[in-house]
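As written, the chains take the letters A, B, C and D, and residue 1 is the first residue of each chain.
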Amino acid sequence: MANAIGLERADYKGSPSTLCPGCGHDSISNQIISVAYDMSLPMHRVIKLSGIGCSSKTPAYFLGRSHAFNAVHGRMPSVATGATTANNQLIAIAVSGDGDTGSIGLGQYKHLIRRNVPLVYVIENNGVYGLTKGQFSATSDEGQKLKYYGLNELPAIDLCLEAVVGGATFVARSFSGDSKQVQTLLKAAMAHRGTAVVDIISPCVTFNNADEANKSYAYGKANEKPLHEYEFIPAGYVQPREEIVADYEDAIEVQMHDGSFIKLKKLDNGHDPRNRRQAIDVLEQAQREQLFLTGLLYYEEPRPILTETLRIVDEPLALLPDAKLRPSEEALTNLMKSFM
Amino acid sequence: MANAIGLERADYKGSPSTLCPGCGHDSISNQIISVAYDMSLPMHRVIKLSGIGCSSKTPAYFLGRSHAFNAVHGRMPSVATGATTANNQLIAIAVSGDGDTGSIGLGQYKHLIRRNVPLVYVIENNGVYGLTKGQFSATSDEGQKLKYYGLNELPAIDLCLEAVVGGATFVARSFSGDSKQVQTLLKAAMAHRGTAVVDIISPCVTFNNADEANKSYAYGKANEKPLHEYEFIPAGYVQPREEIVADYEDAIEVQMHDGSFIKLKKLDNGHDPRNRRQAIDVLEQAQREQLFLTGLLYYEEPRPILTETLRIVDEPLALLPDAKLRPSEEALTNLMKSFM
Amino acid sequence: MVLEMQPRSETANPSHVVNDFTLMVATKNGSGSQTSNEVLIRSLFRMGIPVSGKNLFPSNIKGLPTWYSIRASKDGYIGRKEYNEIAVTFNELTAAEDISKIPAGGVCIIPADWKWGQSRHDITYYELPVKETVTAAAVPQEFRDRIANMVYVGACAYLFGISMDVVRQALLDTFNQKEKPAMMNFGVVERAFNWAQANLPKRDPYVFEPMNETAGKILITGNEAAALGSLFGGVSVVAWYPITPSTSLVDGVLDYRHIRRDPDTGKETVAVVQAEDELAAIGMLIGAGWAGARAMTSTSGPGISLMAEFTGLAYFAEIPCVVWDVTRVGPSTGLPTRTGQGDLLFLYVLSHGDTRHVVLLPGSVGECFDMGWQSLDLAEQLQTPVFVMSDLDLGMNIWMSDPFAYPDKPIQRGKTLSKETLEGFIEQYGEWYRYKDYDQDGVGYRTIPGIDHPKAAYFTRGTGHNEKAIYSERSEDWVANLKRIHHKFETARAIVPQPVISNAGDQPARIGIISYGSNDPAIVEARELLAARGIQTDYLRVRALPLAASVYEFIRTHEQVLVIENNFDGQMAQIIRMESSENLSHLKSLSLGDSLPMTAQWIIDRIVQTEG
Amino acid sequence: MVLEMQPRSETANPSHVVNDFTLMVATKNGSGSQTSNEVLIRSLFRMGIPVSGKNLFPSNIKGLPTWYSIRASKDGYIGRKEYNEIAVTFNELTAAEDISKIPAGGVCIIPADWKWGQSRHDITYYELPVKETVTAAAVPQEFRDRIANMVYVGACAYLFGISMDVVRQALLDTFNQKEKPAMMNFGVVERAFNWAQANLPKRDPYVFEPMNETAGKILITGNEAAALGSLFGGVSVVAWYPITPSTSLVDGVLDYRHIRRDPDTGKETVAVVQAEDELAAIGMLIGAGWAGARAMTSTSGPGISLMAEFTGLAYFAEIPCVVWDVTRVGPSTGLPTRTGQGDLLFLYVLSHGDTRHVVLLPGSVGECFDMGWQSLDLAEQLQTPVFVMSDLDLGMNIWMSDPFAYPDKPIQRGKTLSKETLEGFIEQYGEWYRYKDYDQDGVGYRTIPGIDHPKAAYFTRGTGHNEKAIYSERSEDWVANLKRIHHKFETARAIVPQPVISNAGDQPARIGIISYGSNDPAIVEARELLAARGIQTDYLRVRALPLAASVYEFIRTHEQVLVIENNFDGQMAQIIRMESSENLSHLKSLSLGDSLPMTAQWIIDRIVQTEG
C-alpha cells in the first residue's frame, strides 16, 4: 500500500543485511523502515549516519534511497554535527552501538547533546562489542559474564542518564523485541526538534545472549517493564485533540514542537517524562535494581538547536549560490584599504 | 615548623609560578602545599599529573620533590591510570582545567571515574580557556559573556554532576578564594580510596573576571554558599571518636576508608553528602538557579579501585624483580610442547 | 633476457602429486568451518608434512563468504599460492566463481544435495551427501550446522590419504583434548570417510604421504607468539582496545598470563586494561612506562592513527612503551580482514614535528616471539616508544615453526636508577640531570616515581626543556635536546635487530632483493624457483627501522636492487631513498598492495618482467 | 673556493645608517608592549620605509620575557636578522643577556630608574626616566603599567627620526581610530619625545628617513590573510579548536565574516563551531564537506596528530575539506610560540595505510590569501582533504604586502551534481556510479544529500567499495579503487599551485636552491647578498605537494641543489628523494629547526661552507 508520498514499504528497504540471523539490530532496521514508511519520510532529505560496529553497519540495510555515511568508530557525532550544519533541511538518523557511543565515543556523544544537534540518535545497545567478537563495552552491566572475557566488575555507563544529565530534551529507552514501542518512540523522536536519544536494548545473539544476561532476548522478553503504553499522534492528524485526551483518564499528553503528540498511558510506576527528577530517579533505580525499564524517559520543551545558536541563514549553507559565497571585488578593495 | 616527617612547609614548594598575578590557580597550588605539609605527605611517593593549560602548568609550582608528568591536552586521565596501575603505592594528585577535562578530555574523565582510579582529581575551573586566551569552555555558563568571543548560548557541563552520575565516590566543589574549605576538602580527598573529584572554581583574572561573570572572584566572594562547615579529622587522631560527635548536634560524620573522618556541620540547606539523590538534586538546582554552591557534594563507601578489579599482585608492578617478570626456560619448553 | 617461466597451472596436471598442492575450503563465515580446517592442518602436521594455512575471512560475524587454503609443501614452502588444486566449494553463493578458479586437472568437492551438476570437464568432481551424513550421525540438532563441515574432512581424509587415527588426534588437539566434542565430531568424520571409501573411486592425482619434516616443530599464530614473547619479556601493563586483526594478541596474553601468575596469591603480574579507545590505551602505556612498568599495547591502523599525538609525547618526553601494529589494509577502515604493509612510513614518522621511531619488523612467528621481548628491552634501553609491525597474515594465520628459543640475555631495564644507583651516580658525577648525555649515546638516566631519594624527582613534559628537565624556550636548549634525541636514533640503529642477509654465492648476485615481514616465505620460495631457472638473487631482510648501515652496503654492492613489499606506495623503498644521498637509481620498488599475502609467483613474474 | 663574507656586525659600525637596521624591544609578556611595537611598525610604514616585525613571545599569558624586532630595510628585505642594532631593554630579567647581544656600535635604550650603569663601552646607551614620565603624564592608575611602554616609543621617535604626526596617525590606526585611548597614549609619547629632545644628545648613527616604498601596500598577518582568503573562497563551515598559533586564523574569520553576512536578515553564511577537540573539528568538516559545504579548520601540530584517523577517512571516502596547519615547533607540545616547518612529511602521509595528501605551502601573506580560496576550490575539485601548511612566523607576524588580488576565476565546486546535472549525466551515460572514473582523471562525480532525485543517494564509507559505492572485499575492487585514487593524485600534481622559479641568468647557475614557505624572505635576501659577492644561485620555491614535475627538472639542470628548510630532518629533501628513482646525489639538505624564523645570514654561512 502506498503511503502519502506514493511509496511502498519495500521502497524504504536497503540492501540485505549481513548481520547474524536473529541479531537485534536487524529488527531495529525493520522498525526504522516501518516508521519511515508510516511517516512518509522523503528519503532524499534523510541522511543516515553511523560509526563502526555491527550496529553501525545497519544504515546499509534501510532507506536505500537516502545518502548515508558510515564514518569512523565512535566519532559519528561530529560528522553528524557537520552535515546538519551544512544543510539544515536534512533529516538525520544516526545509528550507533554501545561501544561506539559509550566507550570510544562518549565525549562526542555528550558534546553533540550539549549542542543540541537535531537528529534521532539510535543506540543499538547490546552491552558488548559485536563486530570485534565479544568484549565488554561501557554499558555492560556490572557482574555480567561473557564467554571469553569473563566477569565485568565495572559499573555500566547508562547512556540515557548521560543524555538527560547532558541536556538532551528527548530521551527514551526501548527493546528491539518490542517493535510496537520501538516504532512509536522512533516516530516521536523523528518529530522532535533537537537531539532525540533512543537507546534500544538490542540483543547480540552471538556474543551476549545467555538467558541470564541482562541484554539477552530471553531476559528482555521476561523482564521488560514499559513505563507507559504509547500512542503517537502526528501533527495534522485529523481527530480533534480533545477527543484523544478523553481516551483514558490516566493519560499524559506530550505535545511536540511540530504539533504532534505523544500520548502516554501511565502504568503503575506513575512516571511523568516531563519531570526531570523522576527521569533521573527512574534511571538510577533501574540501574541499581537492574530493572529492564523501557519507554519515554524524559521530554523537555526543545531548546535552541545548533543551527539556531550559530545564527546562520535559513537556506542550507551547502546550497548557497556563488554570489553568497564570494563578496564582490569592490568589497575586497575596501577591505584592503583598511589594512593600508 | 617541621611536620611529622621533619619537613618545613617551604620544602613542599615548587618553582615560582609563571601564571598571571592573582590567578586563582596559584592559590590552589598554595593550598596543595599546605595540605601536603599538614598531612606530612612523603613527597617521593606523590606523583603529580596534568594535561595542558594554565591550570595544568601548576604541578611545577608545588611539591618540587615529587615526580610530575605534564602530559597532553585532555588526556591526563589515561596517563594517571597507567601510572597508578604500574605502581599502586603512589599517591596521585591530578590537576586539570575545565577545558582540559570538560571539552577535549570529557571521555577520559568519565572513564577514569568508571574505573575508580585512585587519585585526587583537582579541576581548576575558570569557565574559560586561559592559556589560549579566552575562549569558552564546556563549563562556561549559559549566558556568559567574554570580551572577544561574545555570548555563550550552550548549557554548561557540570563536572561534579558528571562525576556523581559516572560513579565517583567522592565529589566536592570549592572556590579558590575559600582557602579553608579548599584545604579541608583536599585533605578528605587525599584520604579517600578511589577517584576523588574536587572541582574548584578558580577565577581567570585575565580572561574571565568581570564582576558579573559567574566564575569571577567578585562573584564568588559575594555569592559562595557553602553546604556545610567542615572539619577533617585524620586517621589516628588522638581525640576519641565520641567526643567529636558531641561537638555539635547537627553534625554529620563521614568515616573514611582509612579511619579518618570528615565532620560536617549542616547549614540551612540540610544537605547530606551520603545521599546520592540529594547530591544530584543540589547540583541540578545549582545549575538551574546559577547558585555558587560549594562543599562536599557526594560521598559513598569506596567501591573497588582499579588495581583491585585488575587482581594484580600487591607489590608495585614497576618494581617486580626479573624473576617475576620472566618465567623459567623450563616453562617455555613446556609451553612449546603444548603447541606441537 | 627473456625467460620461459613455468605456467601457472603446470603442477596441476601430473598423474601423481605428493605433498605439493593446496586444498581450499570455501564456506560461510561463522559456520564452524574454522574447526574443520584446523583439524585438516593439524592432521597434515601430524603426518610430518610441511603445511601452512591462510584464512581469507570477511569483516563480518556470520554469513559472508570465507576461504581457507591449506598448503602442503614437501619442499617446505609456506607462503601463499595463487591457485588451489583442490577446492571444497561449500558456499553456494561463491561456488560458481570458486569452481571457475580451479586449475585444469584440479579437484572440486561439493555437496551432493545442491544437485549442481558438473559444468567443467577438466577437473574432477566429488559430490558429498552432506545432509544425509550428518542426519545419519544423529548429532544433536543444535550442533548439526557446524558439524556438517566435518563431512568434507572425512571425505578429504579418504581421498587424499589421511588416516583416521591422525584425524582423531588432530581433533583432540583442536578441542584441547576434550573427548566429548572431539568424538562427536569424529563420528561424522568417520562416517564421511567410510562413505567416501565405499562410493568415491579416486580419480585425481593428489595424495598426502607421511614425511618427517615437522617433528619437534610447533604450530602457532604470530599473535600468540607475540603474546608469549611479551610475557617472557616481562610485560607488566597491557592497555588495549579491541581491533581486528590485533585482538588475538591481547587474547594471547590473557590466555597465557597464568605462567606469570603469583603462585602463592593467585594474583597477576600482568595488568590487562581494556581502555575506552586507543587514545586512552597509549596514554595508559605512557603513564605505566613512565612509572616503571613494562608496558605494551596491540592495535591496527586506525588505532595507530589515534595514537599519533601521544606517540609524539612519548618520543619527546622519552618514555618507554611498546606498540604492536598488526596491520590490516587501509586507508581508513579499509579491509579490516585483509593483509598488507601499508602503515610502515606512517609509523616511522608518527606525530607532528620531526619525530622518527624505532619499528621492528618480524618476519616469522619465531621473530614475533623474539621481538615480543626484545621490543620491551629496546624501549627501556632507548627510553622511547618502540613499534612492532606485524600483519594479519603473520598474526592471525597458523604457522609452522621451530620451538621458540629462550631469551639469550637477561631483561634489560636500560638506564633506570634505583635509590642506590642514583646515590652512586651522584657520588660519581656530583649531579644527576635527567636529560644529560653522560654516555654520549643520546640516552639519559631516568628515575621512576616512588624512589625514596630527595633528588630522584624530575618533571616530565612534552614542552621544551633543558637537560635538567626544566622548562625552557631557549633556542639553544631546544636544539641541544633535539640533537641528542637524534643521536639516540643513531644508537638505536646499531642495537635494533640487524638485517638478515642470504646470499646466493660468494660473489654478489646481479640482483639483490630487499624485503621485510611476512613476505619472507614468498621470497624464499621465489628465490629458489628463480635459481632453479638460472636467476640468482641475494636477499636482505630488513628487521627494523632505523635502517642498518648494512642495508646501504647491500644496495651499493648490487647492480640491481628490488625492494619487494606489500603496500601501494612502496614505502620501504621510499624510506631507503629518503634517508640517503647516494645514487640509488638502481633501486626499484616492487610493491603490491592487493590485500592478500604475497605469493612467490607474483615475485617471479615481476622479476622476469624486470629482466625481460 | 673560499669566500670572504661580511662579518656579522659590519653594518653596525658606519657613521650614518639610514633605514637599514633593526630595533628590538625586550619586555615582559602581557605588559602591553604589543601596542607600542605596533605603533612603531605602523609609523615606519607610514614613512614609506619597508618594515617587518618579528614577535618572539613565550607560551605564557603574563610575565615571561618577550622580544619584538622591527626591521627597517631600504632594500626591502623582510626576513629575520640575526642581530639587532638597537635594543630597547625593558625587561630587567633578560636585560643583561639582551645587552650582551647588541653588536658593537649598537644602541641600548634602558630605563633610567633601574640605575644599572653602562657596562659596555662599544655601544651607546640612552637611559629613559620611565616612571617619572608616566607619573607626570597623569595617566589613570589602571593604565599606567601598560602605557609605560609608550615612553620608549617617544624616545625612539626622537632619537631615530619619526615625526610626532606620524606617531599620532599610527596610534589612531592601532586603536582603530578611537581618539580617546590613542590620545591618552600619545600624551606619554609626546612627553617622552620632548624629554629626549631636551636631554638626549644623539650619539649613534641610526636614522629613519622617509621613503616611498610602502605606498599602496598593506600590513597584515598571514592568519588574517588566510581568513580573508577563505571568506572570499566561500567557506561556509568552520569547525575548530583553539591552539596557538592558529587561533588568530579563526579569529580572523569571526572578525571579518560580516562581509559575508546576509544584509537582509543579519544572519551568517559562515557557521563557526568551536569543537570540543580537533578530532571533533575535523569530523565536523567531513560531515559538512560531504553534505556540500565548503569546510575549513585551522590548527597546529598536536591538532594535526589528532586528526590523523579522520583524515584517512576523508582521503578514502573522498570528502573535500581544508585544514590549515599553522605550524609551531614540535615534537609534542614542543615550543608552542616558536616557528618551524616540522610537520611537512607527517602531513604528507597523514593516516595509516597508504595515504598521501595535497599540501599547499604559502610563502607570503599574499599567498595565504590566495591559497585561502584556492584550497577550497582544490578540495572540491579533487574531492579530498587539502592541507595548507603555514607557520607561526607567517601566520602571527605582521607583514608588508601588495593588496590581495581578487580571485581570478569563479568558485570551483568540482564535479558536484545537482538534480539537473545528475539527470543529464544519467541521460548521457545511462548510469551514474559515484566512484567511476568517467573522465580518466581519477575524480568521480558526487551528489550531495538533499537532492530530490531517486538515484542521487549513495553510501559513503571508509571500508572497501567498488565504483558503485557498494561494500566490497574483493581484491580487484580494492586495487582498482586505490589505483584510481592514486591517479587522482597525479591529477592533483598538475593543478596545485606550481613552483615559482627565479633564475639568476639565462644559463642555469651552478647552485640551485629549493625552498618553501616562510623561508622565502631570507632566501631572497641571501641570494642578493651572495650574488653581490659573485655567487649566483637559481631558486625554485615549492608551493605544493605533490611535487610538480618541474621540481625534478630543476634538480636535473643544476650541478648542486640545496634544499633549504626550517626543520630538523630536512623533510622536503626527504620527500623529493623518496619519490624519485633518479640519481639525486647532488641534492643536499640544509635544514635548521632552531625554532626561529630563518635568516639570510644562516643561509649565506651554509652556502659558503658548502662552497668552501
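Simple rule for what comes next: a residue touches a chain if its C-beta (ideal position, glycine included) is under 8 Å from a C-beta of that chain, and two chains touch if they have at least 3 such contacts.
As the structure is a prediction and not an experimental result, all values here were calculated from the model.
**Student:** With respect to inter-chain C-beta contacts, which pair, B-C or B-D, contains the greater number?
**Tutor:** Comparing B-C with B-D, the pair joined by more C-beta contacts is B-C.
**Student:** Find the chain most remote from chain B, comparing centres computed as mean CA coordinates.
**Tutor:** Farthest by centroid: C.
**Student:** Averaged over CA atoms, how far is the centre of chain C from the centre of chain D? Could you give it in whole Å?
**Tutor:** The separation of the two C-alpha centroids amounts to 44 Å.
**Student:** Between chain A and chain C, tell me the centre distance in angstrom, where each centre is the average of that chain's C-alpha atoms.
**Tutor:** So the centroids are 40 Å from each other.
**Student:** Quick one: which residues in chain C touch 2 or more of the other chains?
**Tutor:** 59, 64, 276-277, 302, 309, 313, 317, 332-333, 461-463
**Student:** Touching at least two other chains at once: which residues of chain A meet that condition?
**Tutor:** 72, 103-104, 106-108, 111, 115, 138
**Student:** Touching residues of chain A toward chain B in the complex: what are they?
**Tutor:** Counting only chain A, the residues touching chain B are 103-108, 110-111, 114-115, 138, 153-155, 157-158, 161-162, 165-167, 276-277, 280-281, 284, 303-304, 309.
**Student:** Okay, in this complex, where on chain C does chain B touch?
**Tutor:** It comes out as residues 216-220, 228, 231-234, 236-237, 239, 256, 259-260, 262, 265, 267-273, 275-277, 279-295, 309-310, 313, 317, 373, 403-404, 406-407, 410-411, 447-454, 456-463, 470-471.
**Student:** Would you tell me which residues of chain C are touching chain A in their complex?
**Tutor:** 30, 59-64, 241-244, 247, 251, 254, 274, 276-277, 302, 332-333
**Student:** Over in the complex, which chain A residues touch chain C? Could you list them?
**Tutor:** Within the complex, chain A touches chain C at residues 18-21, 52, 54, 72-74, 103-104, 106, 129-133, 135-136, 138, 148-149, 206.
**Student:** Where on chain D does chain C make contact in their complex?
**Tutor:** Touching chain C: residues 58-59, 64, 301-302, 304-306, 308-309, 311-313, 315-317, 327-338, 340, 342-343, 345-347, 349-356, 461-464, 473, 475, 478-479, 482, 486, 567-569, 571, 574-575, 577-585, 587-589, 593-596 of chain D.
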